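In the part that follows, the structures are each spelled out as structure tokens.
Consider the two complexes below, in which chain A is the common component and chain B and chain C are the respective partners.
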Partner chain A sequence: MKMVKLQKKNLNAFLAGLEKFGDLHGPVRRDTNDFAFQKVDAPEQIAHDCLRTILPPKKYFTKPVDTMFTFSEAEGYRAPDKDLHTKIILFGVHPCDIHGIKILDLVFGGQYRDEYYFARRRNAIVVGLDCMPDEYCFCRSTGTDFTEDGFDLFLSDIGSSYLVRVGTSLGDDIVLETSTLFQEIGDTDRRAYKRRSAQRINSFEVEIHLEDLPEIMDLEYESRIWQELGDKCLSCGTCSMVCPTCYCYDVVDQLNLDAKSGSRLRRWDSCLFKDYALVAGGHNFRADRGSRIKNRYFHKQRGFVAQFGRPSCVGCGRCIVSCPAAISLVDVLTKLRSRGNE
Partner chain B sequence: MNRENIYFPHLAQITRILPQIEDHKLFGLTFVDKSMKDNFSYRPGQFVELSIIGTGEAPISISSSPTRPGTVELCVRRVGRVTNALYNLERDDLVGIRGPYGNGFPVEELEGNNLLLVAGGLGMAPLRSLLWYTLDNRERFEDVTLMYGAKIPDEMLFKYELLSLLDRPDLRCMLTVDKDEEGIWPAHIGVVTTLFDQIEIDPSTTYAAVCGPPVMYRFVLEELLKRNLSKDRILMSLERKMKCGVGKCGHCAIGYKYTCLDGPIFTYWDAINLPELI
Partner chain C sequence: MAKPIVGIFGLTGCAGDQLVILNCEDELLDLAGALDIRSFHMAMSDNDEDCDLDIALVEGSVVQPEEVEMLERIRSRARLLIAIGTCAVWGGVQAMKNEEQREKLKRQVYGPKGKDFGIIPSQPLSSFVRVDYAISGCPIEKDQFLQAALSLIHGDLPVLPDYAVCTECKMRENSCLLLERGELCLGPITVAGCNARCPAYGQPCIGCRGPVEEANVASEVNLLREKGFTLVDIQNRLRTFGGQSEVMQVAPTERGR
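On to the complex of A and B.
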């Protein structure tokens, strides 16, 4: 892979020179510890110390509320074209979130390709940025702490510079656009990168084992852990909203005032919501909270493995940080594993 | 972005409305677009997403057989918003259809075998597709038996169509009602499982396709297992909440399967491995 070096003091000049590639988006500080990906007018607004945004980058590709069609009795259905073709540069995406995007690519791709998702994906340039884990990160355990693809450029901190990995031909065009800002990497840079990498690997405070988790989950299918969790969970759905790989959505048709035309919208949904599996006639396939939270864990750690060969959790820690009931995925998985050994 | 859009509801005209029993009607639909009309093909057991303009979408099994192209028939029970809105439409009105979705019955695998179709209530809707498919390709199958049970004669779907099959020599058509207070029923009386005493099942050459309300499965499965039919020769059509029909919205996921992609036809063996399935 092509690698170059960018001095940190040149980063803003580099980002400012990318206008022709799209609108610049990056993590911006909202509050002391709250960050959100949003459009910035100048690169200086980007918070480089952001470890975890509230919402992951999925919001750019599968929108919280998205118009799928407008319709009218006379003309039937029409997909809106606008809003799918805005070009953006997404700066500051950490490895776990890049893996999150890669997982969504699998879900929205396949035999039935979701063009709403892929139109936006094609129009987004992803510039990755490395990070140092905190006490909630466990991407090392989920195998998502490094990434070899899924980005156009990836920046790793090597002291006063970034080592820049060029992942795509478009990424290369971006580098060439402001080529005077980049230098070749030398032996000191290689050493610095390896040092940083080793330091990062050793900084994880949380470790869980996932290899045999599908079997463990099957063994603990009837465990009372699920009921205990159900008693604590508030069914607020926050864990789904903040998760980079939760993709469930609901579809609703909304009428305009003329009652003849309207739009079909989809919006983020959560399998923790009470009516998620409720069908006509009032039958609810998952009426109790315990069965819903079990379903979330099973789908992420068990079902996804069977379908796509890996769990869909990327270890970002967002659901742990955001849960109002203090339910921690790491604790749950640890408990499932150790159950019976107490 | 319409044609390549997997969610695009293609307009279809209501060409026929046949009331069946209370709150159940059979709708014949024909695509407006000629190439859709000519090229829409499906397997028995697949479903479509039906859009009522201005109200929403609902997954509905295809009741017609692919051996009779041109019109797609849906048997719809009126239960809520979308189905109510459909009942307010008339002949020539337009609806949207996308699909077909789901795995459908593995008809190639069924060929050369005896078939036992067991239906209860609205479960006859998807099985009617398989029934006509086998009758229209009769030479590809060995003995074909249909068992269909309704509570009372007035609740039997496709009643006259099915009664007319009673004297067909190449089909064992066993229709039953739980109760017949008026004394008008010309066939068997008793729940569907009471029909099993009248038939022989050769476990090595028989497939069973079962479709009905959840309560029915337990008793029918018991009968089939008692007769040594293997778990992967028992096929069932199952329902779940569905929104997208194409494996994206998550609603129909059970364990490691999506009902809309991996189903709605599952074997009993699948069901055992997916604890939430039935």
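On to the complex of A and C.
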């Protein structure tokens, strides 16, 4: 993999030079501790100290509320075209979120390929940025603390510079376009990178074991943990909204005033909502909250492993940080594992 | 398809929901053209008081014996009865003090003139008649009302949110007022549809749209108490808009604590 060096003082010049590749988006401070990916007019608006945004980058590829098509008697069905084809540069994506995107690529690229997703995906340049974990990060446990692909460029902090890994030919084009800003890496940079990497690995405060978790979960299928969680869970949907790999959506039609034309929308859904497993005739397969939260855990940590060979959790910590009821995935998994051996 | 015959009625409330309908300025002509509105006391004269109705939209809560009769009469005329606004759906702010003695309150407020009429504790429409759909909100959201109306005109069932304000709040990427600022926010148990308007302006959710389906009030109360709010504070907030709903009647035995 091609690697070059970018001095930190040149970062904004580099980002400003990317104009021809698309609109620049990056994490912007919303409140003291809150950040959100959004379009910036100038690179200076980007908050480089952002560890996790409220919503993950999935919002760019599968939007919270998305128009699938419009319909009318006169014009038939029309796909929206404008925002599917806007080119963007997504700067500051951490490894866990890149893995989140890679997981969504698998899901939306399956048997029924989702062109809405991939149209936007194709138009996004991903510039990754490394990070230092806080007390909620457990990406080391999920094997998503580092990534070798899923980005066009990836910047790792090595002191006064970034070590830049070039992941795609488009990434290489970008480097060539702004080549005066880059330098060859030298021995000091190599040492700095390794030092930083070791420091990062040693900074994780949380560790969970996922190796045999699917089996543990099968064994604890009837555990009273699920009911206890159901009593605590507010079904507010927050964890699903903020999860980099939650992809469920609901489809609704919205009518125009003639009640004949309108648009078909899809909107983020959550398996924690009461009506999620409600079917025609009024039967609800998961009528109680305990069974719904159990389903969420089983899908992420059990079903996804069976289907794709890995859990669909990237250890970003968002669900833990944002749960109003203070439900922690790490605590739940630890409890499942230790139950009976207390 | 014949235009649906519609009646719009108001019981006890501030008339804000009917006003939202009238405030659909850009859409009002289309809406009035698509519906055959026969009764709408707030907006027109020569109301037809007897015709059968395809849709009755009823605002306000029931606080007088006469209103029970009015409501039953509307129900008997209507194929679909839709409660509009938090008063009609949950009893509204006037249900806040339902446990207080009615006669005492009447004397305090109306003095001797109170002898001329009867009052009952404020209750939602569903305490007396079958309600087919409930569009809550204080007041109702214009877009939600229009979409519901258009669905009915088209012959579909209205799709109303079954999820909490938190969902829409997260979609907007608002800072969480409950977790970040420790405010008494009812977002987790209040039904969505407002696009988390108040939290987006830095104000906690006061629950004006009423509880979400299967609201986990016990868990919300626990987490608010852990944040240091007293049960009285919490209960006052819960009962401001959802007073009459069973789910909001939290642990009355604990009230003294």
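Throughout what follows, the second predicted complex is superposed on the first by the 338 of 342 C-alpha atoms of A that agree within 3 Å, B and C clash if a C-alpha of one lies under 4 Å from a C-alpha of the other, contacts with A are read in each partner's own complex, and residues count from 1 in each chain.
What we mean here is this: a residue touches a chain if its C-beta (ideal position, glycine included) is under 8 Å from a C-beta of that chain, and two chains touch if they have at least 3 such contacts.
Bear in mind the structure is a predicted one, so any value in this text is a computation, not a measurement.
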Fit-or-clash call for chain B and chain C when the two complexes are aligned on chain A: fit
First, second, both or neither for A:273, with chain B first and chain C second: second
Angular separation of chain B and chain C about chain A, which is computed from CA centres of the superposed model and rounded to the nearest 10 °: 70
Of chain C and chain B, partner touching more chain A residues: B
Which of chain B and chain C A:212 touches, first, second, both or neither: neither
First (chain B), second (chain C), both or neither touched by A:303: first
First, second, both or neither for A:73, with chain B first and chain C second: first
First (chain B), second (chain C), both or neither touched by A:149: neither
First, second, both or neither for A:255, with chain B first and chain C second: both
Distance of closest approach, chain C and chain B, by C-alpha atoms in Å: 5
Shared chain A surface residues [contacts with chain B and with chain C]: 252-253, 255, 259-260, 262
Residue ranges of chain B touching chain A (in the complex, touch as defined): 1-2, 4-9, 11, 51, 53-57, 79-80, 83, 94, 96, 239-241, 243-244, 246-251, 253, 255-257, 261, 275-276
Residues of chain A defined as touching chain C within the complex: 30-34, 36, 53-55, 64-65, 231-238, 241-242, 252-260, 262, 268, 270, 273-275, 289, 321-322, 324-326
Footprint of chain B on chain A - complex, ascending: 68-69, 71-73, 76-79, 81, 84, 107-108, 110-115, 119, 221, 247-253, 255, 259-262, 264, 266, 269, 271, 276-281, 285-286, 291, 295, 298-299, 302-307
Chain A contact footprint on chain C (complex, rising order): 27, 30-31, 34, 146-147, 150-151, 153-154, 156, 159, 162-164, 166-167, 170-171, 173-176, 178-180, 187-189, 212-214, 216, 218-220, 223
